[in-house]
Amino acid sequence: MTSLKGRDIISIRDLSKEEIELILSEADKMLPIAEGRETSEILRGKILATLFFEPSTRTRLSFETAMLRLGGGVIGFSTTEGTSVMKGESLSDTIKVVEGYADVIVIRHPYEGSAKLAAEVSAKPVINGGDGAGQHPTQTLLDLYTMKREAGGIDDKIIVLLGDLKYGRTVHSLSYALALFNTEIRLVSPPSLKMPEEIIRDLKELGAKVKEYTSLKEAIRGADILYVTRIQKERFPDPTEYIKVAGSYRIDLTILRDVKESLIIMHPLPRVDEIAPDVDKTKHAKYFIQSFYGVPVRMAILKLILVG
Amino acid sequence: MTSLKGRDIISIRDLSKEEIELILSEADKMLPIAEGRETSEILRGKILATLFFEPSTRTRLSFETAMLRLGGGVIGFSTTEGTSVMKGESLSDTIKVVEGYADVIVIRHPYEGSAKLAAEVSAKPVINGGDGAGQHPTQTLLDLYTMKREAGGIDDKIIVLLGDLKYGRTVHSLSYALALFNTEIRLVSPPSLKMPEEIIRDLKELGAKVKEYTSLKEAIRGADILYVTRIQKERFPDPTEYIKVAGSYRIDLTILRDVKESLIIMHPLPRVDEIAPDVDKTKHAKYFIQSFYGVPVRMAILKLILVG
Amino acid sequence: MTSLKGRDIISIRDLSKEEIELILSEADKMLPIAEGRETSEILRGKILATLFFEPSTRTRLSFETAMLRLGGGVIGFSTTEGTSVMKGESLSDTIKVVEGYADVIVIRHPYEGSAKLAAEVSAKPVINGGDGAGQHPTQTLLDLYTMKREAGGIDDKIIVLLGDLKYGRTVHSLSYALALFNTEIRLVSPPSLKMPEEIIRDLKELGAKVKEYTSLKEAIRGADILYVTRIQKERFPDPTEYIKVAGSYRIDLTILRDVKESLIIMHPLPRVDEIAPDVDKTKHAKYFIQSFYGVPVRMAILKLILVG
């Protein structure tokens, strides 16, 4: 039987479709607790350590809420300011110390591969909360969960991935996960920020239908899900080039005129200018509930890892 | 029947006298739990988010203790260092995300009006933990509670408000609340830091007896309560002027010779030089118990908002 | 009967041998809870305030875990960033405020004597979590507990203290505690960082066998316990002198060839270069379990102080 007890969650690619579906269906059971309508003590006495070597409100706070709503406790730090990391301690030593204080560790770190290293060192399960340009598997899981709940499923959907597809770890992880399902993936980005060739090749090998677009208008025609990500100013040596690009991929009421009635818009947040605020009031906007779904999904993960 | 269930607490002026009295009498019931003599699980499974965009030990720690003593959990941040605010996220987006993680939000923010904005955006109740020059209603409630417990009530009392009455939000909020009771309010401040005319007008319209003094000695004669606030050096272009002013309004044993036996001295803290340390040992000094009363009052507020 | 209920823990020297043994035997009972194999609610409703005026991951996180595993709650701060200390509040005022919010206070502070001052001011028990060059009694207690568990006891052992014996508060506190037991203490340090004469005199008066060495090789012959501490670069005006010294006291596989089979190596952590990473895999290495033992020992202290 599929089980995640004692498992590390480092990359979405370590999880089979069956395991992903187990997490998503466990998240369904967690929903009333995440909404505060029911209480649970299933993780009473257990400790989660949140080691954030790099800031992240969203990931940290939703993991904390997930743990607390299940009756567990939380220790940790939200910046390296005020930690022994400042005294020159190696990551591996920090992990070996913290595993003595906790039952499960969430780590966020600026360097790719840090979470994997932590998992190798630690006898306790490690969850990757984002490691630089690397992976952020719980973000992908909550993205999939949002599709399941708000778009009525993942299979047979047309999904547009928009924005910085070159450097965006969120869309890389997500596209690998989508390739496990029967989906059509439409990629929309400025030419300089296209999805890397090797990822497109991987996705096709996994059996995904992948198409590249430069026109957003064309790509969202008939789409079920529009997944928007941020285009960072820093990626453009020429600021006027940035303004032009950012403008042509901005989601506003005009662009939404010709979309499917049931289109849902997602965004990993924080957003800056990619989605106009008046889109928030439309029935398409699902990015805030998406953010909320981080709670039941992370509850599911903690429960499956710690209790089975 | 008076109820605060699901209510935002943004300004003391949004609360009726009846609602204030409900909170104060609920605080009485909370006292043994706040003192650690009894335990409660009434908020088990509930989550408080403390969003401190500006530092505040006192307000943050007492809200956390209030929540924990009632069996609830706490998430949040104590500075914006390490939050997605740093990535350019709007306050309104931060709130819409955090409301998905918590049952009630306390916000402290350097800009006036932030708490109101947060409350408008959030489907979950928002408590103002101080917004710049604006309001800090839970401070006022704990001030009133201290008067009730330590001065034997609020009605019929003579209350001296001392210090920076021009910029001090604490004394503004407090004086509006006192105007709901049958009190005599004596205002003592340096001429350049007098209570704004429009507030005095408001207070009188509400039926309060208000008198202005420059001599502290005169004002405290016969008073029941002396409420001291800090005069900030930054308010004075001329440092020697500051030293003169600060000196003439400093509370020490000498000034306390001619006061009523039962006079209580309050201060919202932190104090710097306004009250001499040897006053602490007198029976007049109530500022530390006042600070403690923040716990039962905030417990009462959390309980009334979340459970009714 | 020996009891620690309501007691401050400021210096290891305030504790009798009987009291130390009480803590160590209580820690044995806490072990299954610290390991997460059993749960406890013995401190339900109680609040620990962790006031870290100076960073310390290890001490802070292990105290938090200790409190949470026993069902209690934790408030506090991990740097003075974002506290009213920044607004010029005195330590004594901060303590008088926080004692109103908590049942027990752990304080870490850069200045020697701060914890003692805090204890004098506070009506609630205060635990010293390290005050500058001063004391760090819970570190000493977990060191003793590690010896008890991993070296089969403290009495009749030969213990080598290695490193900076002049400024290292850890080795000072530890050596006083060891003098209460029947031990042989061997001191190894560079000539410029020798144990202060007055401490050696004290130890001898307490009945300890103390010997000084400059050769590590000689000192560890026949030893049961090797306690390594960090030699800080800043102690040496000449960097080449530092490199020479650090090199000659570094623990690696070569130096371990001629030691007792059962020798245990301890280190208060964080380590930088004092112990080669390949020592970690030997059966001698006990510094990570030593760090873990901070949890049961701090649980024992919290329980004995709060419940008796």
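Each chain gets a letter, A, B and C, in the order it is written, and its residues are counted from 1.
Quick note on the criterion: contacts are C-beta pairs under 8 Å (C-beta built on N, C-alpha and C of every residue); 3 or more make two chains touch, one makes a residue touch a chain.
Note that the structure is predicted; figures quoted are calculated from it, not measured.
Engineer: More than half overlap in residue numbers between the two sides of the chain B-chain C interface, or less? Answer same or different.
Structural biologist: At the contact between chain B and chain C, which are copies of one sequence, the residues are largely different (under half shared).
Engineer: In degrees and to the nearest 5, what turn takes the CA positions of chain A onto those of chain C?
Structural biologist: Superposing chain A on chain C takes a rotation of 120 degrees, nearest 5.
Engineer: Compute the distance, rounded to whole Å, between the mean C-alpha positions of chain B and chain C.
Structural biologist: So the centre of chain B lies 40 Å away from the centre of chain C.
Engineer: Got the chain A residues that touch at least 2 other chains?
Structural biologist: Each of 81 in chain A touches at least two other chains.
Engineer: Quick check: in the complex, which residue numbers of chain A touch chain B?
Structural biologist: Residues 33, 36, 38-40, 52, 55-58, 61-62, 64-65, 68-69, 71, 78-79, 81, 269-272, 277, 288-289, 291-292, 294-295 of chain A touch chain B in their complex.
Engineer: Across the complex, what residues on chain B touch chain A?
Structural biologist: The touching residues are 44-47, 49, 73-77, 81-89, 92-94, 96-98, 100-103.
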